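What follows is a set of structures for review.
Heads up, the next two complexes both have chain A, just with different partners, chain B and then chain C.
Up next is the complex of A and B:
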């Protein structure tokens, strides 16, 4: 159970990082400014405010995971603190898992903080808050669960800058994987192999678009729905996130085990 | 099919293409023009800062920290060194000079030429394609090919194809799929961005003359990105309606939006309202009212329609149906509202008044149909409505309504107001006297307000001598102020004709008092005497 101590320590270390507060500050600013953008939207302020608020929560929570997470393991190696940890009776997988949980805890605190601020702000402005919006926030959390695992994977294998680039690229590509399927249908190469290859890449890459229900959440009330998506779909997305995360973490452990310290 | 040399790549066609390519080049250069003034302003600012640094007199001035150069006075107040100002000025000047040079290079070699070349190629291809399509469709003979009319048809198709290409370049906007990827599938935020961007172009001079073409592209992009954003779609339709005198484009947009939101009442409601606003040409009123009634009926059938809107909507649909000439639908709808105990009292009273009007016109229209059939059969109009009824009862095979029935023999037909159904044998025109009176009351209010306007004009300060003078003055007056408002044109027509009374003939006008004198049967309380019976669910008799 040593990973719990590592996780708590990682969390403590992350919350001392001023960069976290800088990101959260920007996110809060975007949420607050959303209303001002709403004012110039010709009477459609509620929708624009909710859109931008959910967008800010999603983007900045992901940035917290990527920008703080990608340097996490590298920093331990660079400052040589890793040696003192690994010399103790702590398995490498425990170290990786601890780092992951600590980082996820940090991202969760940031996500919850931003979400609470957003919901209180919406309530204060008299905008409707419904289950669909909470559903969108919950799915954003499960997206962050995956993005954090990717950040840890790259952090265990590379330098912070490269890790940040790789993770961000995968984060962006993960939003657009449906494109690959469309591409294989639209571009008629005549080759079944190409289609299968593209379908394979589609299934292999993290499909982060599964967690993007923000648009449905914003319109759920006006469409007379309680939830943005049916519970079955939500459950499938959550299980996808957990299984993909577990696979990525295993890969991270594998990579970390093969490194010489 | 090969194109004959005589009409193929003719010199004229090439000149057309070149002219359009040049037009585009001018439009593209306009971008640089706008940018040029901005650069020029910044360049001037940089130059001023640089000159200030070089030539500012070096006198001493007192600050809290002691004596410093006066030249440093202002910058010191801003906590910057004098040299910083100069350096910023220098950087600005150099950068702007470099950028201006880059623009010049682009203008000669890069973007503009590439664009123009691409445009020319597209225009050539589109022109050839359009020409080929006409030829393929018509399979013309040699004689037809030589025909000027056929060549004109080809030229028209070519011009239309070229216009599509020019517009696609001139009104370019990023597509929804592109924005979707740029915004990482955050379609809703992308739609917000397009919406906010579009708002600034609604009233700005940008693309004036093709504003509706431009805006509809924005709105279609929003529709594609966020099809359920009904608020924006509603407003978009309203703006399109305001941007064009023809409302067909707004209607088409509403139809597209309704397809995506089949359960939402707001879009058909808004589509209906945009046709409720009267057209500039009163002749289009029946068509507009029919469309308005169609969309509002659609809105009323939606489950999402607030129940409190039901009666108001029905009343509006009833009135619009009357304007559209759909008297049966109007009569049924308005009767329903007037006799609905759940409707507001005032709404019921209004509906009962409107019902009297609609039902009177319905009765008159039935007689009119009978007269038309008579004319078709005998080649002349009937002498009286009695003869018409006799024909209906004895000779016609049409399924006429009960009010022509034999039990009413020897009695005169009346309208819902209880007034006579009038008939003019020479013209074969049937009308409702009550409806004529109702129209006369409305028109007389309009004319009296016009008389007041005439009287208050400084050069007049008197009543018009007759209706001819008032009509002539009205035409000149509304031409001067840019057109008459809808209530005036609806009552008096686009030509502002005050002479003809809805009662037939001319108005009884007193130039001394400036009043129009209505006949005694057009007195309001007498005209609407049957309103109370209608409110109690009793239909007035069809014969007296």
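Up next is the complex of A and C:
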């Protein structure tokens, strides 16, 4: 149960850091200016506002995870706060899990806060709010679940700068992973080895494209459709997120478990 | 309440060996070379050694911050690989540091949670410790605003929060002013009075001599001396300092020949000799010359002098053995125990 204490403490420390509010401030600013961009897009102001708002929620929630998370465990080692924690009767996996949950809690609060602000703003503007928009926000959350795990993995093994670079790279590459599937399909007629290689790389890299339904949500809302994607597709994306996260966290625990401090 | 009569050692190490492997192109470093050590329950134990002797490595292994390359260790009979071993120990690292945004009260409450202090007792216990360590006025101040001495006190408080039977402190007096050192000493003494085993490393040998009943001296990863301080020091006289009045400025014939140093400061005649036998001869010569002895002080070996002597001797043996780091098993130094020390003195 010690991981709960570590999680709550991690969350408490993160919410007392001004950096979190700086990031959230930028996100709110982007949501607000979305309307201004909408005005110059003749006839598309609602669509542009919704699109940019969802984009701001996604980007800044990911930034909270990456920028705070990648230095999280390293900072504990560097400042030796870890010494007094690991010398207590807790297992190392509890420490990693606690850090992960604490960081995820921070990102979730940020995401929920931004989403509420966004929805209130949409309501005030008279823009339609459908389940499709909520679907996009929920899938953003499950993308953050994965990105947070990656940040913790790299943080448990490397310096904050390297961790941030690696996590950003995977975050960026993860948006394009679908391309590998498409490419694999194209080359299926060619070398079997190439196809297997591409399939292997696809399995290893996070497919964050699974969670990007922002365009569909905006489109569905403008057409008056209830859902952006069918519920079964959404469930599959959620299960993928949870499985990938479990695997990444397991790896983080394995890396962290044998380290000497 | 821990019992001092407990036969199970508070700490036991058997063949602890630690090799740091910094990478392919860099030489391996042997930090510990098969350390065997037993710390009796209820003792106040000083763990001594020069910088790099392996003290911190040993302590980190005991509290699971590092994994020994080989060997085993137990805390009150529980293998250190078992998490339960750490519920019996309180640990303060050298120069402890805490979460900057937490206040002193929040910091202690957090550690109380991790130490398994029941929820209904946490508040009372943290308040008690804040008062004990003179931090009540700073309970709502973030620890980032704390001085080094205050952080050290928080470090000690978090180590004893759950009233552990064994307390391990790494350089608890490091960098503290005299008042801070006195506070730490008082805490260690009060723990000793309660029967808690205190195992600590320190370079402040005067304090170690005052508060410890046993010490172990580590040198380049090996135990070179271990035992009760009273036995190790054994009252060996290093020199005798004599002073007398009624002696002319020219001094006393025969004294300079037996003294290490003899001089007249205009009032007193001072003589420094190597042992008590020579001191008795000097005394007889001074009194024979009509002088009156005002001072006769034998200087027995202090812990610091003992430490310098044994580490110096071990260093010399190492130089003779050459390559001990590269091939540790072939040049292992025999550990000097209180018993062998007594034998040597005899």
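General remarks:
We take it that the second predicted complex is superposed on the first by the 248 of 261 C-alpha atoms of A that agree within 3 Å, B and C clash if a C-alpha of one lies under 4 Å from a C-alpha of the other, contacts with A are read in each partner's own complex, and residues count from 1 in each chain.
Methods note: a residue touches a chain if its C-beta (ideal position, glycine included) is under 8 Å from a C-beta of that chain, and two chains touch if they have at least 3 such contacts.
Predicted model only: the values in this text are computed from it and were never measured.
Chain B and chain C, once both complexes are superposed via chain A, fit side by side.
In the superposed model, A:81 lies in contact with chain C only, and not with chain B.
With both structures placed on the common chain, the touch criterion links A:55 to chain B but leaves chain C unconnected. Residue contacts after overlaying the shared chain place A:112 against neither chain B nor chain C. Of the two partner chains placed by superposition, only chain B is touched by A:218; chain C is not. Once chain A of one complex is fitted onto chain A of the other, the partner contacts of A:205 are absent, as it touches neither chain B nor chain C. Contacts of A:89 after superposition: chain C is touched, whereas chain B is not reached. Residue contacts after overlaying the shared chain place A:250 against neither chain B nor chain C.
When the shared chain is aligned, chain B comes close enough to touch A:37, but chain C does not.
Once the two complexes are laid over each other on the shared chain, residue contacts for A:260 go to chain C alone; chain B is not touched. With chain A used as the common frame, chain B approaches chain C to a shortest CA-CA distance of 34 Å. Of all residues in chain B, those touching chain A in their complex are 181, 184-189, 192, 195-196, 199, 226, 228-232, 235, 263-264, 304.
Interface of chain A with chain C (complex): residues 2, 5-6, 9, 12-13, 16-17, 79-91, 258, 260-261. In the complex of the two chains, the chain A residues touching chain B come out as 37, 40-44, 47-48, 51-52, 55, 58, 172, 175-176, 178-179, 209, 212, 214-215, 218-219, 222-224.
Residue ranges on chain C touching chain A, taken from their complex, read 60, 63-67, 83-87, 89, 91-93, 95-102, 106, 110-111, 113-116, 155, 158.
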